[in-house]
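Before I ask anything, here is the structure I am working with.
So that you can tell them apart, the chains are marked A, B, C, D, E and F in the order they are listed, and the count of residues begins at 1 in each.
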Amino acid sequence: MTRYELGLKKLEEIDGQAGTNVIESLKDIAPDFATYLIEFPFGDIYARPGLDLQSREIATIAALTAMGTATPQLKVHITAGLNVGLSREQIVETIMQMAVYAGFPAALNGLFAAQDVFESLEPDTTC
Amino acid sequence: MTRYELGLKKLEEIDGQAGTNVIESLKDIAPDFATYLIEFPFGDIYARPGLDLQSREIATIAALTAMGTATPQLKVHITAGLNVGLSREQIVETIMQMAVYAGFPAALNGLFAAQDVFESLEPDTTC
Amino acid sequence: MTRYELGLKKLEEIDGQAGTNVIESLKDIAPDFATYLIEFPFGDIYARPGLDLQSREIATIAALTAMGTATPQLKVHITAGLNVGLSREQIVETIMQMAVYAGFPAALNGLFAAQDVFESLEPDTTC
Amino acid sequence: MTRYELGLKKLEEIDGQAGTNVIESLKDIAPDFATYLIEFPFGDIYARPGLDLQSREIATIAALTAMGTATPQLKVHITAGLNVGLSREQIVETIMQMAVYAGFPAALNGLFAAQDVFESLEPDTTC
Amino acid sequence: MTRYELGLKKLEEIDGQAGTNVIESLKDIAPDFATYLIEFPFGDIYARPGLDLQSREIATIAALTAMGTATPQLKVHITAGLNVGLSREQIVETIMQMAVYAGFPAALNGLFAAQDVFESLEPDTTC
Amino acid sequence: MTRYELGLKKLEEIDGQAGTNVIESLKDIAPDFATYLIEFPFGDIYARPGLDLQSREIATIAALTAMGTATPQLKVHITAGLNVGLSREQIVETIMQMAVYAGFPAALNGLFAAQDVFESLEPDTTC
């Protein structure tokens, strides 16, 4: 399996439809960037053993909440967290904890992003 | 148990000696801040159920690596990660993944922080 | 008076209706976080002597402008600045000064946030 | 020629209508800031010899993409890049490269900003 | 009085010896930048009426603490804060408050910077 | 030529000895990360047509100066800029311009990094 094929499989497993949408959205402006996005983050990094996918999504949700500059990607990864089996509670706890490291506004904005994602989904069955 | 007592217990469980050192270092400049640091992050947040301590340390290591502005605190939490049972491999994977979200320099600087911590410890027995 | 009661009093004094709205907005996604938000920032920090509320709001407006990642919270604190007696001019000066420390885009975006807040209020009677 | 006159000339050469709009938008909230914006960035910095305007716009597009906190200003400078003769391809390459230094979300958000700008313009004749 | 002369006067009033040192340190690498630093921040911004110097230093200390990327400049402005009449307590309060907006590590690193400055000075007579 | 081989060639062309040092420094802590660093930034991105290496280094120097969290990597790329033919003047101009977008402290710290690099080299023959 090539890095591209492995990455595409991981992207679909983790991000689901949202991942496919991102790839699609790049096809006019920078199609090669879609390839890199599949190959490096998903074909190289998320495909590695040594850290399970739930832990990887906790890391990503934490980082994007703390950075505060990537709301669309944070929402994709909140969905991804649910896809790989995190509960809504685990996601909310991860985001709340960021108040300690990046301040209350970062945590608040992360919580509102989570609320947007949760409201757009089926009624919660994870907690 | 008061928030302070619970926080102090959690701080010692998670950060060990490094946590005590931070509290000690604040006694001249801002002793009340040491109290807040024990009470809110440790007495309120880390004491919550809903996310295990290993996941909480992954979240913190990820965020501090991505932010890139808090090397001393990152080192404290790399040690804390080991204290709560993360393997060196899990910590390194978490940091490497930040290349995707915060760039290669952030991940590189995080890896060098981890190397400093690991070298200062007993020979690795976690992986 | 408990930290919660003191914090709620300070929150209402400083942020007014906007503060109450934030608390309300958290009730579905993370009600405990609303409690922390009342207790630590408002019950612990803003309730401290040693720095008057006008100076505290200048500090917050400066920081949120410089960080550039928290526009909704910046607007709340521009309103809060007016609530505790800062003039529009003092707020605009604080934001403009951030061009020196965080760049012209940060200051510009802060000024536009201030304009949004000012336009939503009664005609200015502070300067 | 005063700094103001030189800056205004440079602003119009580089940012075109978008620059004039920014100046106009400041006239109620902070007219002096419009003066500073003309004088220091454009009258002092962009007017300097030693680096051509195409290189200066590459630097600005790179920085604003990496920072991720100034989307409106990034769009102004993507337009400015085209104004001073950069091709769409050079702009897209600059933004894509930021994935290495500031992470994939920063690059993605920069690419979507570029797409917005390009779609609002005449059909591309630069590449 | 030219902007340069006014700026130099303000720089000396506010930053004292530390300001002169920064100007001196630029003479080999970028002497024109020393001129800009005197003219725009000090000749234009700090010279403005509408916000007193104590408030301006609170704003700067808050922003630099929150940003966490400019420790040398933060130390210069902690000294400047004392120069314009802020007490050590007001400075410490400003920095502590940043835990709310930029996280505990930012506040901790700011407090340690303040401790370094205070220890390098005469025994405190401000509080 | 594989991505790895192409990346290694580009890394040596651009970063020279400093690049080799970074790869070497990763061999204990995260050898796979050295591979990724060679393959994605250098084998994929810097190897692309569409933007010359001098422009790519201007973009990187600008971004790292503006971010302010990656001094070691900024120094590597200041050296890299010289390696691909930028003059010291072009590098200094790029860094100074960042005062506009990321503030004076970011530009100052970038200039001091450049001074460190220049002083460690042979006497300047580029301008």
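Methods note: a residue touches a chain if its C-beta (ideal position, glycine included) is under 8 Å from a C-beta of that chain, and two chains touch if they have at least 3 such contacts.
The chain lineup, named per UniProt: A, B, C, D, E, F = 4-carboxymuconolactone decarboxylase.
Everything numeric here is computed off the predicted structure, so don't read it as measured data.
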item	value
Any chain that touches subunit E and subunit A	B, C, D, F
Cα superposition angle of subunit A on its copy subunit C, in degrees to the nearest 5	120
Between subunit B and subunit F, centroid-to-centroid distance (C-alpha), Å	30
Approximate Å spacing (C-alpha centroids) for the pair subunit B, subunit D	39
Subunit B-subunit C separation of Cα centroids, rounded to whole Å	29
For subunit F, residues that touch 2 or more chains besides their own	32, 36, 40-41, 45, 48, 64, 66-67, 69-70, 73, 92, 96, 98-106
Chain contact graph, described as a line, ring, star, complete graph or other shape	complete
Complex contacts: residues of subunit C adjacent to subunit A	22, 25-26, 28-30, 32-33, 36-37, 41, 64, 67, 69-70, 72-73
Residues of subunit F defined as touching subunit D within the complex	40-41, 45-46, 48, 50-51, 54-56, 58-67, 70, 73, 89-90, 92-94, 96-102
Subunit B contact footprint on subunit D (complex, rising order)	66, 98-106
Interfacial residue positions of subunit B with respect to subunit F in the complex	67-69, 92, 95-96, 99, 103-109, 111-112, 114-115, 118
Complex contacts: residues of subunit B adjacent to subunit C	32, 36, 40, 44-45, 48
